[in-house]
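After this come two complexes, each holding chain A, first together with chain B and then together with chain C.
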Partner chain A sequence: MDRRKLPFTIITIVVLVLLGITVQNVMNSWSLERELMGPNIEAAPDAVTPETPHTTEYRTFPKIGSRVAIWIVAQLHLMFAAFVLAVPMFALIIEYIGYRNGDKKYDKLAYEFTKLLSVSFSFTATLGAMLTFMLMILYPKLTNYLIGIFSWTFFPYVLLFFAEAGFLYSYYYGWGKFSPKVHLALGLGLNIVGTAIMFIANAWLTFMNSPAGINEAGQLVSMWDAINNFTWMPINIHRILANVAFGGSIAAAYGAFKFLGATTEEERAHYDWMGYIGNFVAISAFLTLPFAGYWLAKEIYAYSQSLGIVLMGGTFSWLFIIQAVLIGNLFLAANYYLWVSMERIDGAERFKKFTKYLLAAIAVCFLVWATPHSLVASVEEARSMGGSHHPMLGVLGVMSAKNTAVNIMILTTYISFLLYRRGNKEPTVSWSRTGNLIQFSIFAVVISFVIFLGVYGYFVDTATRVGLSVPQVLSVLFAMVSVTAIDVFMYKNAKFKGEMRWGQIPARAQYALFFLAITFTWLMGLMGYVRAGLRQHWHVYGVMRDTSVDAFTPTLGFAAGVVSVTVMIFFTFIAIVFWLAGLTGKKDWEEDKQLETSSGLLAEEA
Partner chain B sequence: MRHVIGIFVFTILTTMFYYYVGQMVPQKETYPPEELTISKDLTTDQMVEIGEQIVGGKGTCLTCHTIGESGAHRFPDLGGIGNTAASRVQGQSAVEYLAESIYDPNAYIVDGYVAGMPAMHRAPTNLNDDEILTIIAYLQSLGGTPDVTMSSSHSFTGQNPAAAAGAAPVAAAPSMSENLDGAGLYEKYLCNTCHSVDTDAPLIGPSLYDAGNRMSTADIYESIVDPDAKLADGYPGGVMIATLNGMNFYDSVSPKDLKKLVDYIASKKGN
Partner chain C sequence: MDLFGISFLGLNVVPIILVIAGLVALRMFFNLNTLAWMAAWWVGLYLMLSNGITVPLPGSIVGMFMGIITLALLVYLTTSGEDLEATKDFMVKFFTDSRYSPALLAFLVLLPSLVAYNVYTGMTQQPQAPVFGRTIHPPPPTDITFKGKKIDLVNDDNPYRILKETDPDAFAAHVANGRKVYYQNCVNCHGDDMGGNGMFAHAFDPIPASFKDPTTIAMLQESYLFWRIAKGAPGLPDESTPWSSAMPAWEKFLSEEDIWDVIIFLYEYTGYEPRAKEELH
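Let's turn to the complex of A and B:
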């Protein structure tokens, strides 16, 4: 068999197996429904959910237990799925840019990104099948209940999955084989189908956190309401952005990996550029994530205040301190990479003086964000503080301070991007001085406004304080959009002060890209944990209790251990993906052997 | 190859760093709340004691509320509530106000706070009437003298969905059904008060003594979910559906139980 067809064959088999299982489940449901309802199936109330008789609620996975086994497999599946969904998004955009401006290097870069997809797709499918089987075996009652609620969504899911395989392989193997427009259309199809798949799967998992469309007995009343539950759309948007950020960071890590192993200047230049683009994609998406996060948290609170409090102020409040460390590191590393990258831009030296101020701003905001509301203290320390809240630091541990800090960090990173963009350019428009002044004024006003609202939050009642985060977010968005708009016009037809020396970047910048990829992955694992852990002792919040031996919330240290193991497994798999993707550029074995032989003969003759 | 080893070591070190950060925060396992047994002969002092446990446990009240803490709170501090409850809403006694705050929390919002507290007698908390009485006793003890007893009643007594339906706790329905057989369900849903199955003598409704001979399972199913679709001669419409609605039958019966019930009736073949 042609080895290039192997992944397609494997995927086809997996899809057919899944399709078979789904059809069987639906047929089972139908037959039971018919048995119950006889000829009056149309008259049956929607509230009646087919349920297959069963006796076993749980089975135990050896050694590590069912929860940890499902946890690791689900998280690995999510990581690969995120990567497979995200890469086509920016690969398509890069290909389109190349198509529009006719520069072949964009096309080459888009193809390089797409090379990572083929093997990753197989990993995603295999892990997805594994997760499905494990859910059926280890949590039969829960799985059966969810199948009963979402029975009809499995059809489009499997069919879309099949369509995704078709689009993906025709997009990858058809590179350069179709007209550019047809190929771009394939890429668009791939993205639409991939996004639809994610939306369907998101309905299942968000239903578990914020169930809707059911009556008080947990029976289905409206499937659409069950799908369109409180957290479905916020999670959809949050995941699209997070996937792009995560996918960009992994693609950047691939660039870094290839850069560090490159043997020629040309290779180094190409992979330096690839790493930069991957990082640009990652950080651009990352900057918008807090806004999507606010929306998600708002919807969680809207669904259940107590669920929101458990998330942010109760059991999981310390998890957000770990999150602050991770996100603070992401900001630091992203900015560090940009500052180091500016060393390869002739003319960017003039901006170096700003680096220390930007670093100071990020460091201060990082410290504020990572300050816990209540401190871990001994009895004596707590007594001398007058409680678990530090008399001074305690005020930094509340949302007014943290929201302010994260908004300023976003603006600081945006400024680093702006300086990088301007590195070797000099505006030629007559109004450049006024433009700079307006941009500076926008930053000054917005930063002051954000800080003012943060301080004001301490002096108003709860209802007002909660609402203050909205103008903070909107003002930061306004600053980024308006400053970008001015900058685009101001630097149109700009004069170049020097060269962009791609490839001439220190290795530490490449390690910064790896650091970003690992941190993104760890963050994804942590947030995946809190999304599921939030339900505490419920499989479906408020509807189906977890009565298994794992019906407790483990310590954050334990969760950190599971996340770390998952991250290590993921990077082991990703190393395989990188290795396999790298094989396509290598010479054929026979050809290589002949070359070696002929060069040996030549050497002997000489 | 050197760079591969470098990346490998770097990945392990970075991951280990985050693992270390995870160990540096407070470590606590959270277990599901324990169910407390509440007898009807508790004294008010005992009610206060149990109420305190429920407030900090199953009730999850302290997830949002504080007791006796000053400063800006997301939800009202409960310190001194025993003193202010009686005068909070004109015409409402302390017990009535506290009961309303638990059963219908958004009916009255304290100035400066936003609505959002869930009704505690519903999922996921599912407190029953007795548990809520003990919470009221505890809240009254915060700055006041509790006067509630286990026999006290208020406008919300009996609003617990489980109590109203005479069924198991609603939230637990999919996972913790009582596992009754068809005969058990027939009694549980009080079918036997109107329909006899042992003799052909009718009660309020027709006898189902030989229902399995006269009706298909689909007919039996229909006569339960839509009793007025086909009426037996001589029996008025609207009675059975009103009775079943009154006991919240349609909202509480699971498909599995409904099937068992239908199968049980279908098994009655007059012998």
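Let's turn to the complex of A and C:
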């Protein structure tokens, strides 16, 4: 067996085993739930009453039930939609960079990213149609109500979808066929239309969480208010950033996949670079996500204390511990990729000594970030603690500590990137020592300030404490912007200490890219579940109750199982996308050559 | 004298010093490879977490922390190609080089012994109640019915809170009434200093909430407290089970005004401000 294929084989076996275990667990929990729910789950309401469009509220999906069926299809649709919306954003930026500096490799890279789009677009549309049909069939009353509220938004949605298809295919098939400016304009059009589509769809789903623009009877009063509901804009912003992070990570995984299968040095160098750029895009967007997420959570709390508590303090609070573990892992993996990547930069070994300190900072922040407020403890343990809060760790379980931890993790990741960027460069400007000193001072002051605000948060009322997150975020952004600005000038005519040996990155860094892509996807599935599950027994919060047999919040284990299965289905589809995208680079099939090979084989056999 | 009883800032000083001294000694007197060094860190941190904190951490937390620490140490071990190669070489030598035969033998005996010991201690433990990931703040409904009157938990405020600004004397009367209500009804569980340590407190699992804790009433709006006091444990939401609480439904014993007053008193006594309603945009 080819030694390089061994990790692939091992990972495939592990994934298959995990898939088997997960499916088994989900099926077991599902059987248990059916048992607990008793005969209700079997008794489809439409079995007794003759079915008419006006009387049917729900229909039952066989085996897995309506909720799980809708859940999986909606999640898959969202994942593909996120990918299709995100890739054009950074493909356009990369193409623009290539257009400005004239370097063809940027153009080639942008095209490589775009190649992933056309098949993904078809998957998105198919899954979207499937979701719509399933909503109409399985949840007719809810669908009818939402259509009644948002009827006029469906026309622009469909028209924009047409426009997106037009822009996407002309952008992809028109590569190199139009003048660069026209092509860039097509890319811009694709991005604008894609974003507009997402904004419209976001209005429907955010209305379900924070309905507005209706009277007490649930009838439409103002469609604009229904669209511009309380969580619409926070979700729009959050999704744009999350889509870019997610899309970047999938594109980086594609680079890693191609890198590991590459046979020439040139290919390896190209896909190493592609993985790096995809990861850079993903991490850049990811660093801003905690801020956007915090804003969204704050708006949910502002809309309804009940929803806010369900989200962060009640039913879903344990899910946020899983989220914290996943995010901590993302930070670890992102930094790991950068540190391992530095092995292919001659001159970067001088920064190796900092790795352990950066890792220690991330590990400590990870521990703080993942510490629950109330701990899982036996009766004896709880008694010795004097409750479910530990006297020392209890303070780490609240947002003051967590905001501080995540801000420091962001800065640490940024420092790793800064060291990576400086890897083989030596500044030539006379003020480099002063520049370094200023940069160091900025970090020191900002980190102290962030910690100070975190501690100060324990001594003020909650509203003030929530408000303190803003200066924390702004100071971190200030540090990143100002240090980058200094660095750009300081390294303008830098002396190169060595080569950047693209293609000579250790394979384990590529597995870190796979890990990042899978973790981003899993996290996206989990947080999608929280956003929808937050409504609990409401279809439209406070307006339309969920009276189906599924109107209960599933256990965390069951939800995690469904998300895991969905992620595995998504990656199976993505593998198909990768394979199809790879076909365009293959040599044409030649009939003569095939005949030659066949006749050669026949001759040998004879 | 129990040396392990010396505590400073909630930490057991002696085990922590012993672990640090051990790590320093390893650094100074032994030329350990990265793998052995990582193992030493792992053991040292485990000992610190399990013995270095005065109020012991629950096993679930030690497990989670050690998981994160293991991950971080593995990241360190594999970040550098040199360290990784050296570790791989060492592993191969450990299993093949006769120099390491005694150590290998010890390892092969020790590993199953540890597993056996773990199984033995697990099997011989006294039966214990299962542990749950309990959430402290159950999600409130949007409104409740209190003696036939609808209370809107989303939009309603404490009707007497405004008196603090407009009529301080009337407000003081509400605080005084709240004090009376508290010391007649709540003190037995929540304690005379509101620390959740009343004379009945330790008969309950979980023990009653401490209002002095900055993560209880300071994080909540007054309407939330009204709901919890009025409906008590019987009014906890079904979807948030398992819930265990001994809190009575005080709507059966107190008037609406009494409940709002005792809420005011809780905040006045502890010095916390109720969570303000955020501005809607």
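Just so we're on the same page, the second predicted complex is superposed on the first by the 538 of 606 C-alpha atoms of A that agree within 3 Å, B and C clash if a C-alpha of one lies under 4 Å from a C-alpha of the other, contacts with A are read in each partner's own complex, and residues count from 1 in each chain.
Please note the rule applied: a contact is a pair of C-beta atoms (placed from the backbone, for glycine too) under 8 Å apart; a residue touches a chain by one contact, two chains touch by 3 or more.
Only a predicted model underlies this, so the values are computations on that prediction, with no experimental measurement involved.
**Q** Would chain B and chain C fit next to each other on chain A once aligned, or clash?
**A** clash
**Q** Touch check for A:Tyr301: first (chain B), second (chain C), both, or neither?
**A** both
**Q** In the superposed arrangement, which partner chain does A:Pro471 touch: chain B (first), chain C (second), both, or neither?
**A** neither
**Q** Quick one: classify A:Pro156 as touching chain B (first), chain C (second), both or neither.
**A** neither
**Q** Looking at A:Leu359 after the superposition, I want to know if it touches chain B, chain C, both of them or none. Which is it: first, second, both, neither?
**A** second
**Q** Touching A:Val310 in the superposition: chain B (first), chain C (second), both, neither?
**A** both
**Q** Please indicate which partner A:Arg508 is in contact with in the superposed arrangement: first for chain B, second for chain C, both, or neither.
**A** Once the two structures are laid over each other on A, A:Arg508 reaches chain C alone.
**Q** Would you check which partner chain A:Thr519 touches, where first means chain B only, second means chain C only, and both and neither mean what they say?
**A** After superposition on chain A, A:Thr519 lies in contact with chain B alone.
**Q** If you stack the two complexes on chain A, which partner ends up touching A:Gly585: first (chain B), second (chain C), both, or neither?
**A** After superposition on chain A, A:Gly585 lies in contact with neither partner.
**Q** Which of these chain C stretches, 6-14, 24-32, 42-50 or 150-158, gets into chain B when the structures are overlaid?
**A** Clashes with chain B appear only in stretch 150-158.
**Q** Both chain B and chain C contact which residues of chain A?
**A** Touching chain B and chain C on chain A: residues 301, 304-306, 309-310, 313-315, 318, 325, 376, 398, 458, 461-463, 466, 536-537, 542, 552-553.
**Q** Hey, which residues of chain A end up touching chain C in the complex?
**A** Interface residues on the chain A side: 230, 298-299, 301-306, 309-310, 313-315, 317-318, 325, 328-329, 332, 335-336, 339-340, 343, 352, 355-356, 359-360, 362-363, 366-367, 370-394, 397-398, 458, 461-463, 466, 506, 508, 536-537, 542, 552-553.
**Q** Once bound in the complex, which stretches of chain B touch chain A?
**A** The contact residues of chain B facing chain A are 3-4, 6-7, 10-12, 14-16, 18-19, 21-23, 25-32, 60, 63-64, 72-75, 111-114, 116-118, 122-125, 161, 170-176, 216-219, 221-222, 225-226, 229, 250-256, 258-259, 262.
**Q** Considering only the defined contacts, which chain A positions touch chain B in the complex?
**A** That would be residues 32, 35-40, 43-45, 47-51, 53, 57, 141, 145, 215-219, 257, 260-261, 301, 304-306, 309-310, 313-315, 318-319, 321-322, 325-326, 376, 398, 458, 461-463, 465-466, 511, 514-515, 518-519, 522, 536-547, 551-557, 559-561, 563-564, 567-568, 571 of chain A.
**Q** Could you pull out which chain C residues touch chain A in their complex?
**A** Listed in rising order, the residues are 10, 53, 55-61, 64-65, 68-69, 71-72, 75-76, 78-81, 84, 128-129, 131-142, 153-154, 196-197, 202, 205-207, 209-210, 213-215, 218-219, 221, 223-224, 239-240, 272-273, 275-281.
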